[in-house]
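Structures for review follow.
Common to both upcoming complexes is subunit A, partnered first by subunit B, then by subunit C.
The block that comes next holds the complex of A and B.
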């Protein structure tokens, strides 16, 4: 694994405006992430923690207004290096209060056109994306083969349609679809969910991207199919070594596929580090949220002794109304008298508690 | 594989044609009943002012071979119609079918032309917000579309005549002005424009197309297309444009035919609408029946085209038929 950083996200803010409630949805508020060449970064978190929105922000595909409003997304690959949010400041004006963005004015149409220009050569070619719900994410009017062929023609050197078709067939074989020649001519509704996900994977990989974003690749599939898709992703990872940003709420999937993990909660990264340190930590030095998540994994003893499964108390944070202190404070079960006041009032910064292991929690601050 | 839609389309066509036959039967019967029970009849109009006795009338009917009872009249007409004989006009004595075809072509020009005008106006208004986002021009253009759709077509016709013929003297046809410019061959554009603008369809096309397109552009599969660097429009075209356009055009054909009757009156356009109007005044039953059948065919043809397009575009629809 080389030390080249392919993608660096700095202080990303992506907000939505909920017209009915006259309030901001702070979907992503200050996310920092880094992905190195050749590694798989797992992004873990409950639904609504901003994982998908972070990915869509990278792709420039956030369709709800105001969308991305500040931050930096540096993408570098094949001698190309640029900030995907270049000149964003010219389209957005925001007012901050206590360091938080309180009001936004954005020329969404203008930024949209700018993004299309910035992303023109990157989307699909350099960064490809696998979506959740494969069956609704494939065009129902076009055969799956043609959809892959299109990806080949748009994003690789192969422009000749016959060659592109051969290439598409090759990718259908690579993702282990039975009788690819027959399946080539199927429309998505004729295929099962698992097959559709394989097609999605083939379509993303057909572009031979520098970075692959897999957004919940196993969600919405049967448990057995999930296992098979994970297996396929592991095999492809071993062969192709594609840099991947893997988004999932499934710790099992993250644990098996990732090299490093970032845990997100309420639109922020709460903890990041290597997969060993976070998911298989021996001394239990984790963010309380990660600890709580790990506690939710059913173990053998639960099944044997019929113990009720663990769940984290309370609901996922309401991103329209984020309190001033730590985002996880209302649900945290490790708060104590020493830090209680800090937790309630101030949000801690990420602190490196061991090399490469960052945690955003007052527990790890001495004072 | 490219021909995979042939069979479902053939099935669809067969079904639609069978339905059309039934529908024509129903339409002709209802029209016949309405004519039968409405006051007046062609003979009293034909012999108006000639001091005829009931006896003479009866003899005339016998001479022209009109069956006595209403049901035998209908069956007589139906039997001939099935063989392609729509009878002869009571007023002019000419065979009905060639006459309808002759003027029907003019009406076809008018209606198809006006549909093109409608789409040329409505489609850009509908799609520009999806393409360019909300711009300050959207609102006035949409208002324009709704306003124009609310204008009565006969009024619009007279306004056009006033402006182009009376005021600017571009065309010589009415009021005996001589044209100062060589635009006379373009006169036919005027009624097409009037019907295209005034048929009340523009706002419906704008609304339906805009709703459908913006819905489809939000679909997951369009997002996938954008993520792989493909054009969102190309992927949204079938569901977001082709299907809604054929739907709305097919649904609006009856309204456009209705508008054509008025526009043909206003502009003296020798089409089916004028023929129908004249035939109604004369109680010219065979002509009215013939026009009713042909108009119903027009409408059915629109629906049929829409169904065929839908089945060709949507693989799932054809799959369902096969199962």
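The block that comes next holds the complex of A and C.
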């Protein structure tokens, strides 16, 4: 694995405005991520933690106002590095209070036109995405083969329709759809959920992108089929060595496919590090949120001794109303007297507690 | 140990759906039958949980709904508290409704969007019990306390609640009538892991405190293993294996059960990839007219069938495997059970 950084997200903010509540939905508030060439970064978090919105921001697909309002997304491919959010400052003005954005003015139309120009050459070609719900992401009126062929013609050098068709068939075979020649002529409704997901994967990979974003690729599939899709992704990863950002709330899927993991909560990365350090940590030096999440999964010991699960108290964070201090503070079960004051008042920065392992928690700051 | 009473017994339950000649088929085509539930028998002891697992399309939910008579059964018998309920008239069955309730899978469709939580619960309390207003309020307060829901949520509409809260309201409503037996249809699906754990803990806690019995329908194998005393595995409308939760998970006898559980990866073994079982590569676990089966329904996907060089008995239409006892309260429907 080379040490080239393919994607670096710095302090990304993506907000929405809830008119009825007169408040911002702080979907993504200060996300920092890095993806190296050839690695798989697993992004883990509950619903509403901003995983998908981070991905959509990278793809330039957030069109709701105000959308992406600050930050940097550096993407490099073919030796060329560019900031996908270049000149964003010229379109957005914001007022900060205590370091947090409280008011925003954005020329959304102008920014939209600008990103479309920039992303036209990148979206689908350099960065491809697999969406959450395969059946609803495919066009129900067009055969799946045709849809892949279209993707090939649009996103690769192959423009000849015959060649593109061959290419599409090749990818259908690659993703292990049985009898690809028959399936080529099927409409999405004729395929099962697992097969649709394979078609989506084929379509995304057909352009041989530098970065693949897989958003919940296994959600909504049955256990046996989930395992198959994970297996397929593992094989493709081994063969193609595609750089992948894998978004999931399923710790098993993340654990099997990722090299590094970032744990998100309430629009921020709370912890990041190698998969061993985060999901298979021996000494338990994790963010309390990660520890709590891991505690929610039934394991051998729970089943054998009939112990009750350690649920996280309270609800998933309300992104319209993020507390002032640490955003996990209300649900945290590891707060103690030493740090209580800090937890309530300030949110800590990410701290490197061992090489490559970053945690955003006051527990790891000694004062 | 005191022998527990059998609260529910299902005998040879069948539910066939007919896909008939509709008004648009203009006389073409023939009537086709989908055996959603095909000859299912099991029983449930009081204060215990029976887990029902299987892929989507295997008929789990249909079993649950037929037991509660939400949909009519094609044939079979269901005994609740020793009383046959399928032969009862609607009027005779009505009082039994307060004993058996369902927690529905779909969080949003299960609650009336135009009613506040209070009204939803009040309605449920009043259906079967004559109560004065203060009594109803008391009862609602007890229910909220039982399902761990804040009283301030009473004035909210369902869309103002989070997924976990909606689930709690759903459970509270089922308890409101004083149910002793609940069909919990995928109570954890569509919820975040942290909330899933809360819901499962709540269900277990209620079982201990109120002595409830559950039919726990889920495709989350871990959760089923955790909450259930016994587990039934369904495949295409049939129970293929039935036994104690631990045996089903760790010593399965049916090849389908094994492939279900081996698709799970434990935390310890996350690094090693699960072995690929041959034959199970086709991802179809739903009833399909074009792939009609004869004999054992699992044969086309079965690894054992492949290993045994496709024995004829597996596809012989007259010898579809029946559930038989293999000891230790364990039943399996397979010609070549695993050891």
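Here are a few things to note about the model shown:
Quick note on the criterion: the second predicted complex is superposed on the first by the 360 of 367 C-alpha atoms of A that agree within 3 Å, B and C clash if a C-alpha of one lies under 4 Å from a C-alpha of the other, contacts with A are read in each partner's own complex, and residues count from 1 in each chain.
One rule holds in what follows: a residue touches a chain if its C-beta (ideal position, glycine included) is under 8 Å from a C-beta of that chain, and two chains touch if they have at least 3 such contacts.
Please read all numbers here as calculations on a predicted model, not as lab measurements.
Overlay on subunit A: subunit B and subunit C fit together in the combined arrangement. When the shared chain is aligned, subunit C comes close enough to touch A:225, but subunit B does not.
In the superposition on chain A, A:187 contacts subunit B only, with no contact to subunit C.
Residue contacts after overlaying the shared chain place A:324 against neither subunit B nor subunit C. Once the two complexes are overlaid on the shared chain, A:315 sits against subunit C while remaining clear of subunit B.
Between the C-alpha centres of subunit B and subunit C, as seen from that of subunit A in the superposed arrangement, lies an angle of 80 degrees, given as a multiple of 10.
In the superposition on chain A, A:356 contacts neither subunit B nor subunit C. In the superposition on chain A, contact is made by A:128 with subunit B only, not with subunit C.
Once the two complexes are laid over each other on the shared chain, residue contacts for A:151 go to subunit B alone; subunit C is not touched. Nearest C-alpha atoms belonging to subunit B and subunit C sit 6 Å apart in the superposition, given in whole angstrom. Interface residues of subunit B, counted against subunit A in their complex, comprise 1, 132-135, 218-230, 235, 238-239, 313-316, 319. Contacts from subunit A toward subunit B in the complex involve residues 59, 61, 63, 108-109, 112, 120, 123-125, 128-129, 131, 133, 136-143, 150-151, 154-155, 185, 187, 189-190, 200, 203-204, 207.
Touching subunit A in their complex are the following residues of subunit C: 55-56, 162, 164-165, 192-198, 200-201, 204-205, 219-223, 225-226, 245-246, 249, 259-260, 263-267, 270, 273-274, 276, 280-286. Partner subunit C is touched in their complex by these residues of subunit A: 46-47, 176, 178, 192, 194-195, 222-228, 231, 234, 249, 251-252, 255-256, 279-280, 292-293, 295-300, 302-304, 308-313, 315-316.
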